[in-house]
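Multiple structures are listed underneath, in structure tokens.
Same chain, two partners: chain A is paired with chain B first, then with chain C.
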Partner chain A sequence: MDFRDVMEPKYRELLENYIKDQSEQALYAGQKFSRKSIEHKISPEEIVSLHKSLLMQMQPDLPENVLYSFDILLEVMIGYGLAYREHQSLRHKQEELRSEMEIAANVQQTLLGTKIPEVDGLDIGAISVPAKHMNGDYFHFVQDENNCISVAIADVIGKGIPAALCMSMIKYAMDSLPENRMGPGSILENLNRIVEQNVDPSMFITMFYGMFNPENNLLSYASAGHEPGFYYDAAKKEFTELSAKGLLLGVEKRTKYSNYHKEVHPGDMIILLSDGVTECRTDDGFIEREILIDYIYKYIHLSAQDIVNKVFKDLEKLQHFQLRDDFTLIILKRKV
Partner chain B sequence: MSIQSCVTIINEWDIVAARQLGRNVAKELGFGTVDQARITTAISELARNIYLYAGKGQICIDKLFDGGKPGVKISAIDSGPGISDIRQVMEDGYSTSGGLGAGLPGVKRLMDQFEIESIPGDGTKIKATKWLR
Partner chain C sequence: MNLSINIKETDILLEISVEGEIDAYTAPQLRERLFPLSEKNGVNMEINLSGVSYMDSTGLGVFVGVFKNVKANNGQFKINGLSGRLQRLFEITGLSDIIDVNSQIEGEVK
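What follows is the complex of A and B.
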């Protein structure tokens, strides 16, 4: 049955009950009525009008000036009714935007998807979690015909949709790099030219590019202003900064990037991250890089994927489950 | 068939006159108190827009009889600056967030039919109709 048809007798009953004994029970029934009437989109002015007309029936001797007062109440409530309906419609719109964003995030996942390669001798773990829907961090693995494993980790300055759009371009730029083998430095030089030409001047990208050759266990790498990673020396049980000099992508067309090399021993780890990891903000400010090392060390006996997952969970908790920046952490561990 | 009467809007008192005219017509046609209040609120909003943004204009009230079904039509006509982005002013939250009242989306909600035409530099014509149920 339509609520509008039963609304009047129902409200009449409520009024009569309450006028009789002013019980809490009758008031509670009133609350339930309001829930139903909101559900059926009854506007506040209709309730006022219903109230007035029922009062006139129930109390025919009511002074006129009391009845007139309801006209003012009705007029005032019209504004509230409109505001409420506007609120409903905005909420609906927000819902639409949210689902659109979710679709965009899925599309992004598909566009930027990369498979973590399975290689003998190397244990790889990676996690990338966006702060909002869309991720401005990006990582990419390539395994070439010589079994070399390349890893790129990048971060667009900024987050959200603009950063994500920019990242899609970087991915296609990387895919279209010539097949013949280039060192990390020349790959960054190529990407820099593309970014400089195609991306809004206010947007910059940091990137670390590493290439591991399982033949000689040599890691070559170059960085375009990216947050330095760590190198874990298993023999010394020591973490050092994996730093490399280089300007951000997109600043200057003719930037050169140097190649750095490191021999990777069994048990050693290469830890790459985005600034969302080190810029985890806790109640006491940003976490120190040393604290991050402690967290990694805590799980060092686990597989690379378990380490990154567990470190993320811990840091997420530390920030009360509110990520302020996109978070990406990659670990490459040479198997013992 | 249509019977029209108009109020010129120049100052805030004219808004009251337009409301009064609208209420009288709505009452005459048999609209209930809630719909009377809705129609007058819509008139108020349109008249206030004229007063605030165009400076001068007219609110006209028509009695309509469409196949015996009575209705009231509000026309708001001004030769003010016009609206360059109608989509924006018809968007929820645009006028209310600035505390400007229910705005045009509010008028559209209060009435059954709503039409707007505006030429920047030339003026705005808004027609809103409500039918007796």
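What follows is the complex of A and C.
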């Protein structure tokens, strides 16, 4: 049966009980009634008018001026009723937005999807986790016809949806660059021109671009203002910073990017990351890069994918499972 | 997390000191205050960040935007008072090569 049909007798019973003995129990029944009526979208002014009409039936000799006072209460409550209905409709809209956001995040996943290539002699692991719905970090692998493996890791300055949309554009720019033997430096120069011309002037991108040639085990790389990664030298058991100089993409049209080179020996690792990794904030402040190294070292005997997964889990725990920034960590390990 | 922005303007210099944390939540405030100022022709802007305890890349984006605006309007732009952590952020991103940062003479007589 519809709540509206039983509402009147129910409310009448409540009133009668309470008028009779003013018990706690009767008050509690009133609370239950209000929950039920909210659930059935009964507005506050409806309750007031119900109250008034029941009072007239139950107490016919009630002074007229008391009854008149209910008209004022009714008028005042109309405003509350409107606010309540607005609140309901906003909640509904919020639900809608949230589900659209989820769809957008899925579309982004599809658009930006990249496959970790299978290469003889190279063990590759990658993880990228957004702080919110949309990821402003991005990584991309390309395997060209000469079997060279290229990896790009990028972070859009700015967060959320605009950053994510911007990243999709970069991906398509990267895909449309001619693959044939462009060095990392010239790839960044090309992308810089595209970002400078096409992206909102207050949005910038940091990117590290590396290219590994399995023929001679040479890594060439260049960086556009990206958080430096690490290089692990297996023979010396030593981590060094994989630093490269270069300006953020999108600031200055004529920026040049230098190529750097490194010979990769068996067991060596190339570790790339986004600033969400180093800006991991714990109760005692930021984690130091040395601590990050300790975490990587702890899992160094595992496969590249297991290392990145485990390091992420540990750092996530340190931050009480609340990422402040998008987190991306990539490891390329030359097989022994 | 609060951000306070103090602006002191004289005929020749626009001194802005920022205090607090600059992140995705506070950066829009900073942008709103600084952008209109950066569009004045020939502005001489000096920003002091010695009271900034934290800044992420969103804050960096605001300063790059302001810097580009100031340059486009023939102005001067300087950032002072960077902590070691912030200085590193400007160095990694290559911005310290194009923006005048921490150039004031250090070791003043106390």
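Throughout what follows, the second predicted complex is superposed on the first by the 311 of 336 C-alpha atoms of A that agree within 3 Å, B and C clash if a C-alpha of one lies under 4 Å from a C-alpha of the other, contacts with A are read in each partner's own complex, and residues count from 1 in each chain.
Going forward, a residue touches a chain if its C-beta (ideal position, glycine included) is under 8 Å from a C-beta of that chain, and two chains touch if they have at least 3 such contacts.
Bear in mind that the values here come from a model prediction, so they are computed numbers and not experimental data.
Novice: After the overlay on chain A, what do you see for chain B versus chain C, clash or fit?
Specialist: fit
Novice: Touching A:E46 in the superposition: chain B (first), chain C (second), both, neither?
Specialist: It touches chain B, and chain C stays clear.
Novice: Does chain B (first) or chain C (second) touch A:I78, or do both, or does neither?
Specialist: first
Novice: Pick one for A:T206: touches chain B only (first), chain C only (second), both, or neither.
Specialist: second
Novice: Mind telling me which of the two, chain B or chain C, contacts the most residues of chain A?
Specialist: If we count touched residues of chain A for both partners, the winner is C.
Novice: Look at A:S89 in the shared chain and tell me whether it touches chain B only, chain C only, both, or neither; answer first, second, both or neither.
Specialist: In the superposition, A:S89 contacts chain B only.
Novice: Between chain B (first) and chain C (second), which, if any, makes contact with A:G183: first, second, both or neither?
Specialist: Touch partners of A:G183: none, neither chain B nor chain C.
Novice: Put down the vertex angle at chain A formed with chain B and chain C, C-alpha centres only, nearest 10°.
Specialist: Result: 90 degrees, to the nearest ten.
Novice: On the overlay, how many Å separate the closest CA atoms of chain B and chain C?
Specialist: Minimum C-alpha separation, chain B to chain C, in the superposed model is 20 Å.
Novice: Considering only the contact definition stated at the top, list the common interface residues of chain A for chain B and chain C.
Specialist: In chain A, nothing is touched by chain B and also by chain C.
Novice: Please name which positions on chain B make contact with chain A in the complex.
Specialist: Of all residues in chain B, those touching chain A are 32-34, 37-38, 41, 92-93, 96, 101-102, 105-106, 109-110.
Novice: Quick one: which bits of chain A touch chain B in the complex? Just the residue numbers, please.
Specialist: 45-46, 49, 52, 71, 74-75, 78-79, 82-83, 85-86, 89-90, 93
Novice: Along chain A, where are the residues that touch chain C in the complex?
Specialist: 155, 157-160, 201-204, 206, 224-228, 245-248, 251-252, 275, 279, 286, 324-325
Novice: In the complex of these two chains, what residues of chain C are touching chain A?
Specialist: Going by the criterion above, the answer is residues 23-24, 31, 56-58, 60-62, 64-65, 68, 85, 92-95, 97-98.
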